[in-house]
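Two complexes follow with chain A in common, the first pairing it with chain B and the second with chain C.
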Partner chain A sequence: MQSLIRGPRAIAIVAIVGLAAGACSPGASTGPEGSGSAASPGATAAESQPATIPQGGTLSIAYQSDLQHLDPAVMYDTVGIAAVRLMFESPLTYDNRTTQLVPLLLTEMPAISADGKAYTLKFRTGINFVKTDGSVLREMTADDFVYSLNRVLDPNLKPSPSPVASAFFGNIVGASDVIGGKAKTASGIKATDASTVEVDLVKADATFSNILASTFAAVVPKELATEDTAAFDAAPVGTGPYVLGSYTKGQQATFLANKHYWQPGQPYLDEIDFKVGVDDNAALQQVQAGTLDILGDQIPSGSFTQVTTDPQYADQIVRHSLVETQYMSMDASQPNGGPLSKLAVRQAIEGAIDKENILKIYHGAGVVADCILPPDMLGFDPTCKPYTFDQAAAKTALAAAGYPTGFKTTLYTDTTDPDPKVAAALQQDLATIGITVEVVTQSFDTFLNTIETPHEAPLVYVGWFEDYPDPSDFIDPILSCASAVKGGANASWYCNQAIDAQAAAARGEVDGAKRITEYQAIQKAIMADAPWVPLIHEDWVTLESKRVGGFVIHPVWLYSLRDVYIKPGT
Partner chain B sequence: MPSDVRVGSVDQDFEVAVRGSRSRFRRALLRNPAFWLGAVGVVIVVSAAVFAPLITSHDPNFAFRKEGLSASGDPVGPSALFPLGTDELGRDYLSRLLYGARTSLTVGIGANLIATLIGVAVGSIAAFAGTPRLRFRFGSRVVRIPIPVENILMRITDAVLSFPVLLLAIALVAIVGPSLGLVILVIAAVLWTPIARVVYSRALVVREADFVLAARAVGVRPARILTKHVMPHLIPLIVVYATLGIASTVLFEATLSFLGVGVPVPAASWGGMIIEHIGYYLTDPRVVVLPGLAIMVTILSFNLLGDALADAFDPYHWQ
Partner chain C sequence: MTTYLLRRLGWAALVLAGVALLTFFLSYVLPADPARMVAGPQARPEDVAAIRHALGLDRPFLDQLGTYLGNILHGNFGHSYHQNKDVLPLLLQRFPATAQLAVAGLFLELLIGIPLGVMAATRKGTGFDRAATVLTIVLVSAPSFWVGYLILEAVFQAHKAGFDLFAVGGGYKPFDLRYLVLPALTLGFSGAAYYNRIMRATMIDELHREYIRTARAKGLPERRVLWHHAIRNAIGPVVIQIGLDLGFFLGGVVVVEQVFSWPGIGKLAVESIVTADVPLIMGTVLFGTLCIVIANLAVDILNAVVDPRIRF
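And now, the complex of A and B:
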């Protein structure tokens, strides 16, 4: 699992899926990807939508990073997700402002059997695949969905298999055989007629509907989407409201309106231009000047205060709390009896970090984190505050734990602003209780490799952004024994069998209220073991031009451009 | 009359004519305003580096979270506590600049010293080694094989010169990991070539001089000819290039740090300070301009000094 993790300003991670048990608001959607009016908590730019959405115009958005993939089977980054959702559609999706699941390619929500293991999906008819030249390829069928899921499981995808094959889809009956190369298709995915698919799971799993909303479950045409994902990256064909017009690597990708789109009144725009490789300061100035519509990254640190306090831009700031937690992990099973393997040492460190100061480095964009689950996430518990900031007490506690003169250790983080600054702040805090920390900053890829190598990094500053709106996504991939392996994302190498058992039970729990209580108990129990120092939950703060309407930060998708339009007369 | 007196043009003042070359050199140097400008600049920068702990009482790496950052988390401007304000972490900017001078000069002088030693060795050996024949014994036969030392050394120099220097340095740092020592070695490894070329070409000229022929005729060994007879003629050249080289080395270090592969954080480096604050160039230009000015003053000073030395060593400038 590599979902995640990035420090905030240039998230390289991603998101997907939602939760059946409705985390946010009751479904107030007016249709698939419709103009649901329920604003999710934290949205400050929740402008009211006009009765009829204006049509036409060209929207431009600029990113520092390039698109990595356009093939939904392998795309797993925040720039790509905005692009892929323009061209591809999954059986389910989220309401355009909340984490409420709604049908997209389906006529209704999936029918789930009493034992929770069988999902029956009824697909809409009359939905066409549209080629990059704008012409219709053919009508989509249930067989295409069966093919698409098996393709994500396929270990022979070139140049590399899907990053989430096993994590997201491993629970489907027969999926492990496909992933292991023993079968071509999973027996648990069957088209029962031209528009119906049944998916059987090994174990009941309340989060599977979220998987069906992820971009990895997008339907692709069998004859074009082969094992060669690079070829499909270059000529992606789906059912979405836009088609790829042109793509020049490192410069620009252009998406054009799909004239044959199945939802009436959509798409809203004629064209969407992704400008990539653009410095964030340059992009900010272009948005301010009105020559660019949306800043794909956050407002850069140096201009943050000026832009966010200037009344001129007040109605152009788009801000939303992210469903993520930034934390410092501590190697809880440090080999050779290392100091961090001692619970008392980790608990002493919990009290040594000045989180308000770290929030200040983010210019106050966010809230201090005291526990694991972020606000806006099911199971968030404002009363979970197990440690208090007191460096004198922390120093005493460290001495009592057997380290009166402290010790030396190393903190790893990545080079993206502001992570090195946060690392310097952590370094200074730890120095006050006697711990001498060497800070190592690495490029994101190298950094991921470091923290996924057992016990390589004693301390890590990193963040986790939800894949899907369910608390299991904050426990299973990063704090379970199964994730404390080489290549896993458990940076603190934390493994507690009792917690694992509790988490497995909570994941399968069908009673929503009980489930919340269970996850609240789990996060308190984990915090008692102190594998992390939770630091902050960040806000995403960016800028749009005056012409842009309907743009919000989505809790799962981050940027959901298919709902964006250009205001008339601008 | 001393034997080294050189007679100037006919209308030259006799008093000047009897001065030794050393005093003429000194006189040319001291009369050159560029020398004074450069020298003052170098003294300032060196003093800043040497006396940093006396000039400021703040630790350059200590973040003053309350006094040093505004409520919104931005750097604060100059005040009594922070004469040049603070940086984005609330660290005293004057201290960062002073300790940054230490970084720059450590790298500038260290790397340049190594580069100069390599360059002088390669250039002078290439000029004097030529193509020696080495004796090899194969069984009972003795073979003398010519080894083109001159060509080998100078073609290696050409090869290193033709590398994209910055890319090479970045690759080396990326492989080994950044550290102050590595930055010095990397810069030395790529910046020795110009001085090798210059020393080589001057040594070629000197090697043909009559006094070298004379020394050789009386049986002085080649190594001794090089060190005792040729080297003194190369010294002015080396001094000038070493001085000018410090300027380019300081710039190179700033460039590497700007690109994030230079001196590792939290050590202060002027290039690193610029890139850390590049986002503030519109909202608080101070944090970008100050390290930029420090780099400019340092480079300009060493360049002026180097030029003044070059002029002073040149007899045509003595008048």
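And now, the complex of A and C:
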């Protein structure tokens, strides 16, 4: 839930994986991971790639947060994902600019059976695991992938199991037995020869290709990646273009070029240094001064206007729309007939919020959200605008719903800038139609606990960032009946059995075009029930130094450093 | 003396145990869910539950507390949920950075504070005294995050103008003055004000004593009266303050470390709180307490050594 960005959120953030059901075509790769240069909507500052990419040099990037994990089975944060993708590879990945799935460790896209339940994966041969000292461990085989998936399911991982074992891999045949400790391996994951693996699913699931592109599906060597994740965090070994050189917690991690990397011409850089625990204002000054190459966090709010309007930095700003939606949830099943449990009240509120004003709080970095699914997401529908901003009409509608003098309620948000400012703007808008709102701001960890406790928070300002670019990820985890439980992320406690049935069908739909239509219909139906007021889709805006080339904000990976190079002569 | 020491050590153990109990209890009753923070904000409830179970966070409070205290008695301070490393090595790894900053900061506090205090005392009531008083009030009142940001901004502007004396944006390199001076100065500014005031008050006190009058009557030069006689007697409260400050700083300089991206214990403490990393919160709090307890003890013993009037 609460997604990204600054401060505690950056620590918590999450990103990951990928999908794009149906959009699977074998990629003719020229880039590090999949090719293609079709810039996705919203991409800017994506300079054209030179004919031959310059080699060598050391790149530095600074983050406020430390790396939490380097073990792909447990890594689930935005700093870690940039590092893990340097060292590890999964069967699939995304094109280096878009959400199109392409093979990485596979020779071609998976063959999917007609019923959508069986995936056959053909792995490339001649790919080596390379140790942290730069020497070859041995060749990767299909058995390693079988082991890697079973390891993610393992409930005995120390100190704790994978955060996505059930959510991402629970649909594999036999997975629940492994998660429940009844079996060591899932019967649905089988190596049929040295380079082929078959994965069987309990239910058809068009998003599974995205799971295969996630870092959780990265292939790790059995003899080194044991149940002790702390040991593998300290000495990670994979097939990626870089190996871990050194890592001092709280200070710096260094990644060195893998001289035995399987893709010719890569990696581009000799070394990538992650400086961690660096204040974002300090890091910004360092990029401006040229002593640091990439700001790992967004440009801090206090410096945003100054930096983005200074022509000196115009060609150093990197921005891209995030695949996320910021919204205000309303407790649609508020107990004791509370006002928010009434559809007419929620619909009245939909028209009361000045979203353009909220976008201004974000310095205009983003677009107004009218529906649930964000741009860059399969099923995004620019024509979905079910409500219009009209406070006079909203006040009338609220009166007609039985609240001519409004009512009192509470809005929760977390302390991370600019969330309290947004909450104040929402409070002001709701006051104009007679609703008196008390704003409660809590530290991020407490806030999460509040909104995951049934009916504790009538109104919530929060966001959701994709786990992978599939519309199911914006319905199942946050708007389904199954997620309206204690600990679930359904902040509006919205539960509509009919929608659940439609979503289950759409998730398994193998016809890509039909699937899009189904999700667009689901989105409209949910908006008619008005559990949220969608507010904005935010942009990620950051700064690179003048010597950086090939750096873009990727719609799924955010910071995709495999494609970055240092411009010659800088 | 031995009895006194044993008694003090007993109290120290009691203080540590009290702080451990209180911190553990507070972490337990806070509404934040450590398992959720480990899993990440988007993990699904069933995966969070599995993590909660694996970390033993679903066990009763007394059970968890007993395990924790039992482990501590065996020298095991636990395993950080978020950093996936044992707590003790994490603390020890951060300690050198904090120690450098603590010693350098204290040195600058004294370098600025003591001469200022002595001069203010000897010029009591003059313009210099009043200016020093105003300056110290400003320095004591200015929050160190603000002073820190001002200093960083000044360094950045100097860099743009071509002067590269200090590291832009702060950061850390062991024993490198380009990195160390600025956070130490930030620490020194606010602390100097305290030392100035203590020094001024005790010096004024001493300068009115009879032995000073005698020394002056003997015709000793004023500089010798001041620095040889008066200071030696006035320095006692300062020594106490130095000991306490050092103990406090060694436990982590939270704000200054944060502003200057200085990877010390204070910064580690902030990171542990933000992520509800209970074992690490416990570790940093206990470490800070231990530093203060030891400093207190050392100061009392030192005082007895310095001042023959104190006996146990």
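Throughout what follows, the second predicted complex is superposed on the first by the 539 of 570 C-alpha atoms of A that agree within 3 Å, B and C clash if a C-alpha of one lies under 4 Å from a C-alpha of the other, contacts with A are read in each partner's own complex, and residues count from 1 in each chain.
Here is the rule we use: contacts are C-beta pairs under 8 Å (C-beta built on N, C-alpha and C of every residue); 3 or more make two chains touch, one makes a residue touch a chain.
No experiment lies behind these values; they were computed from the predicted model shown.
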{"item": "First (chain B), second (chain C), both or neither touched by A:Pro568", "value": "neither"}
{"item": "Chain B versus chain C as contact partner of A:Gln428, first or second or both or neither", "value": "first"}
{"item": "Chain B versus chain C as contact partner of A:Asn281, first or second or both or neither", "value": "both"}
{"item": "Touching partner for A:Glu452 - first (chain B), second (chain C), both, neither", "value": "second"}
{"item": "A:Gly488 touches, of chain B and chain C: first, second, both or neither?", "value": "second"}
{"item": "First, second, both or neither for A:Gly402, with chain B first and chain C second", "value": "neither"}
{"item": "First (chain B), second (chain C), both or neither touched by A:Gly181", "value": "neither"}
{"item": "Superposition-derived comparison: chain B or chain C, residues of chain A touched", "value": "C"}
{"item": "First, second, both or neither for A:Ile361, with chain B first and chain C second", "value": "first"}
{"item": "Overlap of the chain B and chain C footprints on chain A, listed as residue numbers", "value": "281"}
{"item": "Contact footprint of chain C on chain A as seen in their complex", "value": "1-3, 7-9, 11-14, 66, 68-69, 74, 76-77, 155, 157, 159-167, 170, 179, 229-230, 233, 248-251, 275, 277-279, 281-286, 288-289, 291-292, 443-446, 448-450, 452, 464-465, 467, 477, 483, 485-489"}
{"item": "Interface residues, chain A side, partner chain B - complex", "value": "280-281, 300-306, 309, 354, 357, 360-364, 415, 417, 420-421, 424-425, 427-428, 439, 441"}
{"item": "For the chain C and chain A complex, residues of the former touching the latter", "value": "30-33, 35-51, 54-55, 79, 81-85, 90, 93-94, 149, 152, 156, 159-160, 168-172, 258-261, 263, 267-268, 271, 274-276"}
{"item": "Chain B to chain A touching residues, read off their complex", "value": "61-63, 65, 69-70, 72-74, 88-89, 260, 265-266, 277-284"}
